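Below are the structure tokens for one structure; questions will follow.
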């Protein structure tokens, strides 16, 4: 039996049984593995790290995309960093306010594999006329972007480990550069690694980097079953980004989702709002020094 | 290296590295293992299933105990089923309204091991004069209990698998019997297995059994890091048990915790309230046929 | 990290770390996996069972082929059953007495993959004019074979488990059919599963089946590092097949290898002869009732 | 399920399922684990490395002890280094020529555990009047030993890794010191780590160290099922120690075993002699530079 082994932390490992390998190999940038799991359906791993599984990618991508999109009163221009599976794009395009999405994913071959192997995940988004799909380095793109983005969604590979090749894309210099490409009132969301006490350092680094650029930085978490942990996200924006707590979040999410005819089938406005109410001890750890 | 292997579902396994075995053996009722994990601290496993770990047992036990205790306006008599580690007892006794706790844990030897090996977990609760500790079968105890319990907390071993030896303690017959021992307006909380789509059947069974006896049955979940999943609990009581949603839960938890001088160091009133706002798709699965 | 997990017996498992997947998929007959291991080089697995690894396939194939070939005074016509990697063929063709080899391997696609992915293993054998390569069922082939084989080498997938799909190819009926295709004085060798006390039943079954057809049946074993066990083979033939013990085996192997200009680079005549001197307790288990 | 994980080499791991832990803890010198395996019976591990299992310790200990004892015409005084389980002692005492055995095992507590938990393994040897059991450092013991040993058996923990704490006990300095305690014509045998191409360095180091002191150094191997590899031993002595090859070894082993009324139930004279006929490629690796 083939298995994908992943270190969960310094003590524990999870092993995913692989029913069938759909594709495996190496692009110019990374190692990819598409496989079928009995429990999680088709799954995608990059450089040995699970990225998304059919069974709960809806939960993950709704949690990644919608808080930021709904926090903005009328997001028109959206930048997606990474997101090769096409599911982040799918969720962004559900907002009828959107007129233009620039998706920058370095790895053309990987995106091609996703288009071919998991076309359903994009639900036609690849053909949406609002999409400008670019295969170039995101840092390079920021040098010549016309900018003016209302929302930025970061769906890059995880960089919880400071040694990750993607670590600079979660650092203060990068975010400063990114800030220049934002429209006034812009909102950013990014995945930010697992939110567990043993691994909170990575998330805290991302928060810290965003805090040096944005007026308000908020963490939230969603339990993604196939990741076997509470997964962390960060929402960043101006100081008045979603004032208040759960009640205001929920009201805002519900109202705007309704206005935009947006169904949140996997999460719902309540669960999205609740995602911001992290346990007290975890919050204390997040506030701690990096 | 010694490892504790656990099946997470039909596909995946987690392996906990064991730094040191503190005690291992078999009582008259079950196999026990106390070990030290580099990440989770001292952990307790029964019959090969992880029960609690030092690093996050506070999170687990606060989530298990306080929603029920706070949902009741003035819990005096409390029944704990199982809970050998002493941590459930510790949390229950934090409520100054409590005048009497009957804790029924069949396995005297296991409770003795907990008293000796993890005495800190109980924070003196074993010596509290309000405690009546009984080592007998909970079904037998219900035959001769004086009853009149305001709150019941179920901290028995997991029975997500219908074939578990504890399965009957999560069934409708048992709950009917238990109902006779309750005071008017009583509230029950029980752990109810993992809340993940792949394993929701066990939780649904517990809900269904409680629903045949109690007017209102509500599921909630808390991500417990060492369990590698969103852990499920059920709160049951009269039809008017905590009306409304998050805002009401939170207000109630905050108010009563304040009144009782109760600090919720690991969770907090917000996270406890948010625990009831489960993702939409999971809710749909929970409502589905058993 | 990708791993190939294999059950070693009812208790233990081995996990092979996979550096790189070279090919994975399913032919009409079986699931195949070609991968690179840091320790064992390129490895081939069929239906999840490791077949051969670059680092020690020489050891395995010399042990499989040469005792039978050297036990025969002048093997001309040889039948290979299975052996898709081409390495069994390579070893057979090293004997200059050979004028014709019929290799029957059902799975044309798998043989094609071996020709393309591990061409070195065959050392040109695929192009040898003495080879007749047939892709058909071996049972069907025996119905129309001209027969007259001096040596038969069985390199079929393991059938230590009685439930294996290949089990009938190690059974008495099959061997009776095969006997009709043999020249007088023919010798047969087959791989016959692991030779460990916990798994000896499979080997004993093969021995028993061969014993119902051949006058003499002898077991031998070679430790193949990547298999993590002493691997078993059976040599069968007429009653006077290699008389005596080690000294005679060794003398015969040495003499005939010398005559045929055959170098046994991985094993040598001594180790091949010693392979027949199995530990006493294992011999007793092999003689036990099936 | 509890498992004992062991690295087999730089790629692969084996996991032993543990049916029951019999004892686990730490002496002043090492971590011990006695457990029951469904396949291997009671097993003993030290510092996480499997030492012996009930199901095949007979094979291991016969292979360790008897070649050396039988190579000596009349071994009277024997020194055992390590060997806490008592099984090496048991095999040594089977030779009626023996008048005195000094067994030096540093770890009194571990030996006490073996006496209590696996008393059968010693078959009464602990009470044999010929035994002098000492719990002291073997290096210290050599400073005050009366010496005059005919046979020395090294059953110390494996030091295949140069970084092992026991590494010095397999080094040239130690062996020079040991040489001073030998009677003329003395023979030494020691376990010497796995004999697989990927791990041959450790064995070669032991050989090299012995070669700097003894006139003749010979490697041999026995497949020990629970070790999942061909296990290596080294026999060392004067230049004329067992002249010739298999035939001479076997004749000598058979003759002397017969003279001494010694039954080799697990191995037998043939398999012991065959153990010296290592595969050609392995021999070449052993001869290679360290």
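All chains are identified by letter, namely A, B, C and D, in their written order; residue positions are counted from 1 within each chain.
One rule holds in what follows: a residue touches a chain if its C-beta (ideal position, glycine included) is under 8 Å from a C-beta of that chain, and two chains touch if they have at least 3 such contacts.
Chain-to-protein mapping (UniProt): A, B, C, D = Polyamine aminopropyltransferase.
Since the model is a prediction, treat every value here as computed from it, not as a measurement.
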Could you name all chains that are in contact with chain B and with chain D at the same time? none
Touching both chain C and chain D: give me those chains, sorted by label. none
Is the contact between copies chain A and chain C built from the same residues on both sides or from different ones, judged by whether over half of the numbers are shared? same
Intercentroid distance (Cα basis), chain B paired with chain A, Å: 33
Distance between chain A and chain C based on Cα centroids, please, to the nearest Å. 52
Separation of the C-alpha centres, chain B versus chain C, in whole Å, is 57
Among all residues of chain C, which ones touch two or more of the remaining chains? 15
Chain D residues touching chain C in their complex are 8-17, 19, 37-40, 55-56, 58-59, 196-198, 221-223, 225, 228-230, 245-247, 250, 264-268, 270-271, 273-281, 283
Partner chain A, residues of chain C touching it in the complex: 1-6, 15, 18, 20-21, 24-26, 33, 48
